[in-house]
Structures are given as structure tokens and as C-alpha cells.
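Next, two complexes with chain A in common: one pairs it with chain B, the other with chain C.
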Partner chain A sequence: MINETRRSRLVLYAALGAFALFALAPYYWVIRTSFLTNFAAIDPATNYLPALESLTMAAYEQIWERYNFITFFKNSILVSVTATVISLFFSIPGAYAFARLDFPGRKVLFYTAVFTIMFPWIVITIPVYEVFYLLNLINTLVGVMIALSIFVLPQTIWLLQGFFRQGIPENIEEAALIDGHSELGAFLRIVLPLSAPAVGAAALFAFLTAWNNFLWVFVLTSDEEVRTATVALHYILGSDVLRQWNILMAAVVLLVAPPVVFYGLSQRYVGEGLGGM
Partner chain B sequence: MEESTLMDRARENWIGYLFILPTFLMFTLLFYFPIVRGVYMTFTNARLGGAGTFVGLDNYMWLLTNDLFHFAFGWTLAFVFGTTFLQLFIGLFAALLLSELKSGWREWASAIVMSPYFSAPLAGGVIWLWFLNSDFGMLPRLITDIFGVSTPAFLAEDLWPYVSLIVAQSWHDYGYAGIIYAAAIVGIPREQYEAAALAGAGRLRRFRDVTLPHLVTPTIVILALRTAWNVAEFAQPFELTGGGPGTRTMLMSILTYETAYVNLQFARAYTLGMAMIVISMTAAIFYVTVIQDEEEMYV
Partner chain C sequence: MARVKFDDVTKVFEDTSGPIVAVEELSLDIPDGEFVVFVGPSGCGKSTTLRMLAGLESITDGEIRLDDQPINQMSPRDRDIAMVFQSYALYPHKTVRQNMGYGLQLSTDLSDEEVDRRVVEAAEMMGIEDLLDKKPGSLSGGQQQRVATGRAIVREPAVFLFDEPLSNLDAQLRKHMRTELSRIHSELGITTIYVTHDQEEAMTMADRIVILNDGKLQQVGTPKEVYYRPANAFVADFIGSPSMNFFDVDLRTESDGSGTLAGEGISYAVSNDVVEMVGGDGEYTLGIRPENLRIDSTAPDAKTFEAEVDVVEVIGSDNFLYLEVGGKECRVRAPVEIEPAEGETVDVTFDESDLHLFDRNTEEALVHGHERADAEPRTIEQEA
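Here is the complex of A and B:
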């Protein structure tokens, strides 16, 4: 930044390189395995960087035949999209009210909502499971959708209220009211369009969180038809006697790649909102 | 500014209640009610499908005399302490390095450096299981190739499973601290650095006098949130060791899971959960205190 030298640049790049290595080395081993045959993957004679001709897409082709991954990924997409839409529907007005409207009781509600974001989820699954059991929602996609919507809701409110609080000019609603808009109109016509990038980022995060979630789907389902890809991975790892490591790692790649790539493409919209500040 | 009365505020901002209502209903149905219901459950002997009868403090007595609970509680505290601080320091270091890059490069570099945080925690468990695998994993092979020594089983022998769990969890979640720190550092006005440099402050001095004061609030926020989330962490340790070998790496979250869904002892599981809640909510109180101060600046 200021009075930098070539040497300090070099140190910086070396440190960043070491960091990238730490972040990527575990990924690398997974990716390497997924492009090998199962035999080559566990053969100690295969180099760290395998020869080009030993690479194969076989694992990515077999994964669809060996396991029901079409269903798993379809379920993943379905429940994640639903959870995103539902949580946005609830959180956009909710976050707006928390951030911009000074009604009595706001603080109490706000701080109880804070506690929900920090509550240990495994504990709350127990009474929720009981309720879902009585409502016959166990082992259904609807049950998973409801659970995941609630699960991502606090975080979505968080991201959005931070933006509504800081990203939108003060008194813009008053200006809109003077122009003859109603309160609702001011929100829908002025505030919402201004918030499009923040809503996009919140939607992305809601999707990723639902997609990555293991606990709820694992607890609430047991049938293969309603399993998501994340949970399927757990069962495959637990069930195979003769493990097909290359197929398993191909599944990991397919599961991890979308969130990581999406984040890479959208991260400039995120940042501070993550801390709820 | 003149003081407005409660009624004035309610009348002026009535629409706030309308906006908050759907969320409030959702929270009531799936947070507030279940939490209260669960607390009541701890005084019964409820199992799956049966409401159970009132048993007073039996579950808590069971908890206090249970050796596995004692162990899991202590190990969870160690796990949370280790992971939270490692995540904080690695994240801070990452953010400081990234802030030195030019905008444009910075986005790409941070997408790579922060990427572990966005992988599914369960996948993180599988990834490290494979990375550390004694027969085919990368790390044991590297160590053997470079130093010519055979490695212990990282997920089974001696203290290694504990180290592996903490390191793997830090790998997965330092990105959270990194992202928040990076946002805070980018927000520091450049003039402050220039003024400090003009006054003759070196790099370290500038970090201490200019950067550090801006990082106090983010640090407390990260500490509080990560403490709560590391207590609750389930998927990655569950996949990596599942509390094993045996019950040697049993965390509170895994023990709660097994009590509830393997033994179907719902009431006892929630009683175990109460211990987790106590830790998380202590962290939450710190968090609220901090953001409350912060909020006063906007309101």
C-alpha cells in the first residue's frame, strides 16, 4: 500500500501462496481422485500429479448409474430453491421492519431473533421432530422444505437488515411519502428496487446454506426418494464395503463445486452483512 | 429533537408490525414454541412418539452423574476454544494479506482463500477423511515421502484425532472470520494510513495504531458467533470421526444426536442440549451487548 518494496511484495505473494495451498490441498486430493480409476486412485505408484493419459471421466459417468444421484441432486435443488423463496418472502419485510421502522417492541423482537441465530440446531431438531412426527411430515420433501426455510431465515434476515440499515439513504421513505406514495408503496417502489443486489446476495446465501445442510435432512428423512445429495454422500460413505473412492470423490466435487463457484462470482456483494452489523 | 411518545411511534410505524408478523409467526412455530416445549420435556421421560410422564429432575441427575457427558462437555469446550481461536487468527491473517492486494486481484484471491467456508460441512468431513487417510491420503504420503517416517493414524491414534478435528474445523470455517475482517479492513479510511505514514509510523506501528482499533468490534462479533456455531457444529466432526474411535472424540452435538435418534431418548437428549444452550447463550449475550453499542450509532 504505502512505501512498499519489491521484497515486501514477494513476502506477500509467498504468504498468499502458502495460504492458497492450505485452502486447496485437501480439495486437490479429492479432485485428483475423482479423475482417476479406482485402482489408480489407491495405487501408491500414481504420482501426486498423475500422468495426463491416466486421467479419466469414468467416475463422473458411473456415478449416475451406481447411485440414484439424479434424484438426490433434483431433491437438493428443489428443497434449496423452495427454502430460498420462502425465507426471502418472510425476511424481506421482516428485515426492513427491524432496520428502518421504529415501532415499540422492535428491540425486544430483534434481540430474541439474535438468539435464534446462535441456538444449537441439533437441540432444536428434537421438539421439531416431535411436531413433524405428529403432523406426518417425517420422510417428506414438504417437511424438509419447511425445516430448511426456517433454518435459513435468521441468516437471511441478518444479511438484509444490515443492508437496509446502511445501504439505503436515510429518509428516502419520507421523500417518497411526500411524493404521494403510501408506506407500502414507498417500500415496494423505492426501497426494494434499490436493494436488488442485497436481495440477490441473501438469496444466494440462503440457497447455499440449504444446499449444504446435512443435519435437518439427515434427521427428518430415511427414504432414498427424499434424500438430498449431501445426505446421500454420508450414506454412501457408510455403506460401501468395497469403496469406489473415485466415484465418491466425484460426488464430493459435484456437491462442493456449485457453492464455491457461486460464492466466487458473487462475493463482492457479501462481506460485512455476514456479521449482522 | 423532541421526545416522541410510545403511542406516536406506534402510530407512525404501525406498518412495522405488519411487516414483522409473518416472521414472528414462523419463529413462534419453529423456534420459540419448540424451545419452550423442549425445556418442559427435560422434566419428563419422553421418548419418540410418547409424551412421557413428569419425572422431576431425574434427567438432570442422570446428566450430572454420566461419565460420557463429563468427557463430552470438557472435550467440547476444548474443541470450541481451539477452533474458535484458530479460525480467528487464520481469518485475520488471510484478511490482512488480501487487503494488500489491488482491487480486482483481491476478489479472485479471496474467492480461492475463502473457498473452504462454502463447501458443505459434511463434505468437509469427507474431504479430510480422505486427505488424512492412513493408506491413501495425501498428508501421510507427503510426510512419508519427505521425511521418510511413517505417520500415526491421524483419526485414531493417541491425541491425533483431537488435533485432526480441530484443524479440519478451522480449515472449514476460518473463511467466516476472514470475510468479516476483510470487510472491516476495506472500510478503514485510507487517509488514516497516509497520515500515520507521514508521521513516520512503520508497517507494524500502522497496524497497531490504525488497523487494530477498527477490528475490536468485528473480533468480538466473530468470537461470539463462532463460539456458538462451533458448539453446535455437527456435520463435519460427525463425518470425520463420528465421536470415535469408540467414544474417544465424543462431542456434545454428536452425543445429543445419538441419544435422540439412535437411543430415541428425546427427553435426555434435550437435557444434554441444555448444556450446549448454556454455552451458546452466554456467547449470545456478549454478541448482543456489542451490536447494541454499535446500533446506537445508527439509531
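Here is the complex of A and C:
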């Protein structure tokens, strides 16, 4: 007979296993489909675990030949990285100010920033389009970069101010002031190095938000040269009368790969950074 | 080393509910080399005062001088001070050696060897030589406290500031560090301002104690002065543990010039001297320290009152008796032989030379016992 703790542990792992299966099955299906021919992908006779010889790189080769994915990915990386850098550049001092300084309108500004995170962006597409049109930024990568930076900014500020408020004791900065730093020096030399995990986590989320952004790229661009991979996928999905599931899934795999790599690189920081928030 | 002078220093915080006066017109002169302890309940303004001196808090009104030089507008780094925080505030990403040497590197042009020599010297003084290459995260609270103190010592500043540095340590370590900080002060002779809410810490370490309440200076004096001659009921209550017993009494003068203090279950005959000093009949608050009360059935009736024993706490060296007198708690520190049963009625007495009388309205001290009351009690105005 198994004792109480072992039995409850068994139940725990069974539940965790079921949940993992539920969560991971779609990903498996995406990867499986991307390595099959389109016919095999929709053939009910294909096993859940397809035979090794039925796997093929055909879908990936077709993507390479039929679509301009190098441009799409280059655009995606360019706009995501730029949006991440720009938003961090502004949100680090901004978040620090929200966390530490008392200035008139601090609360109003902060809640405005937080509100924009929750605001349904689709509502403001037309005015935003108008503004970018007036600024001559429609159908340009610069326009997309600016738009993504702006929309990523509040979320980055929100994440970072929480860390500055709770993760960095004020006394440490005060000790730095007494040790001989100016306020800026204390921030740059003491606070910022200590905030590396949080900045890493915020950068990851900024990158993911920018990478996954569909709406603004879709609204602000129409030319293929300035299209990002996320939007390109939508065009692939909508282009063929006969759905080519394998190609679609291969594109999805490619689309998901960079964020996964980026997460892998910054994973060490993310837990630590979020821990302080 | 430096002399520190506060001139009518006031600090007002602006809050949404209106201005909050944290420190009100504080004037204080601290001579070079003195160890001064600021003590008071939380929110009394002691830390704010220290932070104004450090430059971490702006000064609303008044002036702080360091060696006769006004420092109101000076940034913290130009003030030549070192501070130890309650949370220690060590840089977690730097080793102990880097933590201790950082201030010297930033604020002086000493060579790296010289900085290191001074760091090692300070580390030896604090007994942390073998921790120099560790990060603060791997140290115990006591060790971190030593590092924080070492970091201040290395600077050889004009003034040391301590903001409740021992509050996060356990009782035993706290006592040990108390002695150690006193030793360091006598070795270095640097002006030291130490903030604490613990009156025992203040009594044991200070050359002079500054007692604050509600942002106002209550009394400045040596530990003995504030203990034997508290300026008012607040100081009397705050200094000493267990704290002083207070009874609201009326003084009735007899025809021979002597008098009787009566009220709240107490009736106690006092001599002509006491009557003269308080200036006749009136309403007063009688204060008497637990260590001055005695359980004694042989004392004269006129100087005795009855009390019921509520709780007896045996602490080894003494017994703490909690009595009930006229519906109020009365604390007595008795020798170990005196251990009455709970519920028993005992006779309590004290010497006239140990009593304190306060004005019931202003709470100012009027009389401090017979023998020690030969002069007017010092008042806040005189001290300031």
C-alpha cells in the first residue's frame, strides 16, 4: 500500500502531466505538420507520430522559394529590436522617476501609462493612421518602429517601476550619495547594474510584444518590403484557396523560433527580474 | 572631526492631507568628539533630523552647521560624513572589500594601495578580515552590520551617523555590538550621532541623550541627568525600563507646612520642602520609578499605600511585581527575596527623595526628589 504523501504526489504528477499534454499538444502538432507533405498532413491515415521516412523539409523549401521570408524576418527583427531599445531608453529613466521622485501629476501620468496597456488599441487605429499619414510615415519601417516603441513603452515602464520601487532599497542609493556619487552617478553606477535582471526581463517582454504585434504593422503598412513576419503569415493564411497546412505550420515554426531563442538567452534574468517585481 | 550645530531646524513634509511637521525648531550644539544619541518613539523626527544632517532630506527652515560652516545647500558627498543604515545598505553586487573602499575611491584621490591598506585596517578593527572577498548576500546580519560600520570607519569622516544600526540584530548580538561601537568611538574620537528608539541603547552608549517627541526637543542631557531629572512626564516615562509609575494626586497642605499627596489609591505624606518647591496646594502628577518602590510593612503608615499583587515576574536578578493601586497598574522592581503571592495585599512605600512631581497640565517637571531637587528642574528652554 502506498502511503499518503506518495499518493498525493502521484496525483500531483498525474495532474501536471495532463496539463502539460494539454498545453504542449498544439505545439507538437504545429511542428509535426510542418515536416509533412500537405497531403500527409490532412490524411487521416497519418499516425500521430508519423513514420520517420514520411518527414520532409518540403514545406520549408517552399517557403524559401515562394515567399520573401528573408525580408519579412529581417523587418521583424529590425523593428522588434529597435522598438525594444527605444522603449528601454525612455522607460528606464521614466520608470525610475515614477518609482522614486515625487513630481506634480505623477499619479495621473502613471495611471495614463498603465491604462494604455489595457486599452483596446483597435479603437484608435484610425486616428493613429491619420497621425502617421500626416507625418509621412505610412509604409515605412521607421513608422513601424516608432509605433511599436510607443505601444511597448507603457508595459516596460510598468514592469521596471515595480522593480525600482521594490527591488532596489532606497538606502542603497543614499549610501551611494554619501559615498560620493551625484544622483545621476548613483543611478548609473549602482541602481542600473543592480537592475540588470529586471531590464533583461523588460527587454524580453518588449521584444515579444513588438515581435507578435500584428495590428500596427497591418494598419501602417501595405507594401511587401516593409511587412513583418507576423503580418506576412496572415497573408499566407489568406492567400491560397486550397490551404497548405504544412507551409502555414512551417511559417509558424519560423515565426516562433526567434522569440524562443531570445527567451533562452535571457531566461536566467527573467525569473530574477520578475522575482523583484 | 567636527562640531555640529542645529539652529532652529524645521522640517515640514507636504502631504495630500496637508503639511506634516516632522521636526520643529530644533536647536542643538554638539561639540567635537561627542557621542550623542537621539532617542524617541517612532515618528518623533529623530531619523529625519539625522537625514537632514546627512543631506538626504532638505531642510525646510533653519540652519545646520558643520564646524561653523552652513551645510544646508551642500550635497551629501561634500559634507564629509559617513552613515550606517538600519538595513546596512551594502552594495549587493560588490565584495566586502569593494563596498568598504568605494567611498574612498570616489571621494579621495588616494592610490589603490592606500585605499586597500585602510580597508584592511578597518576590517581588522571590526574583525571581518576573512570576509573581505565575500559578497554581502552570503553574510549573516551581524557580519553585514560590521561591514556597514567598517565602511563608515574607512572614510575617517568628520561625523559618524548611525540610523538604528542595531535594530535588525538579535538581543545578544545587539548588546555586544553596543560595546563595540562605544569602543570604536573612544578609539577614533569622531563626533557620532546615533539614532535609536531603544532607551537602553541610548543610556548605555551616549555621552548625551537628545530626547524627541512629535518633532519637538524634550530634553538634552547626560544619561544620569535624563534619568534622575527628567524635564517632563514624557521623558520620565520614556527613559527607564520598566517605565515610571504615574499617579494623579492632589496636594493638601497641613498647618505645620507639610502636606499629603492623595489620589488614585495613594496617600503619601511629604515634607515642608516638597510643599515649598511645588508652591502649595494643587493638582500634580506623581512619578515614581519601579526600582524606587519597596514592599515594606514596617514603614510609617503616612508614607505607605496598599496594593494588590496582580502578576509576579521572576527574571532571576530581580522580581518584577505588577500591582493594582486604585484600579491602575503599578510596577515594582523588587529584590528576589520579595515574592508575594498573586492576589495578596501588600504595603508599598518609597523615599521622598525618589519622588518626581509634574504639573498635571503642562507635564513639566516641578520637583525631583528631596535631595536632588535643590535646584530648579532644568526645563527645555534652558537646555536648548
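To be clear about the criterion, the second predicted complex is superposed on the first by the 252 of 277 C-alpha atoms of A that agree within 3 Å, B and C clash if a C-alpha of one lies under 4 Å from a C-alpha of the other, contacts with A are read in each partner's own complex, and residues count from 1 in each chain.
As a convention for this text, a residue touches a chain if its C-beta (ideal position, glycine included) is under 8 Å from a C-beta of that chain, and two chains touch if they have at least 3 such contacts.
All figures in this text were calculated on a predicted structure; none of them were measured in a lab.
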Touched partner set for A:Arg106, first chain B, second chain C, both or neither: first
Touched partner set for A:Pro193, first chain B, second chain C, both or neither: second
First (chain B), second (chain C), both or neither touched by A:Val30: first
Which of chain B and chain C A:Leu233 touches, first, second, both or neither: first
Touched partner set for A:Ile42, first chain B, second chain C, both or neither: first
Chain B versus chain C as contact partner of A:Ala175, first or second or both or neither: second
Chain B versus chain C as contact partner of A:Trp121, first or second or both or neither: first
Dominant toucher of chain A (residue count), chain B or chain C: B
Contact footprint of chain A on chain C as seen in their complex: 54-56, 75-77, 81-83, 85-93, 102-103, 106-107
Complex contacts: residues of chain A adjacent to chain B: 1-3, 8, 12, 15-16, 19-20, 22-30, 33, 41-42, 44, 48, 89-91, 93-94, 96-98, 101-104, 106, 109, 111-131, 133, 146-147, 149-150, 153, 157, 165-166, 183-184, 208, 211-215, 219, 230-231, 233-234, 237, 245, 248-249, 252, 255-256, 259-260, 262-264, 267-268, 270-272, 274-277
Interfacial residue positions of chain A with respect to chain C in the complex: 169, 171-172, 174-182, 190, 193-194
Complex contacts: residues of chain B adjacent to chain A: 6, 9-10, 12-20, 22-24, 26-27, 30-35, 37-38, 41, 46, 48-49, 93-94, 97-98, 100-101, 107-116, 118-123, 126-131, 135-138, 141, 171, 176, 179-180, 182-184, 186-187, 193-194, 197, 203, 206, 217-218, 221-222, 224-225, 228-229, 231-232, 234-235, 239, 253, 256-257, 260-261, 266, 269-270, 273-274, 276-277, 280-281, 283-284, 287-288, 291-292, 294, 298-299
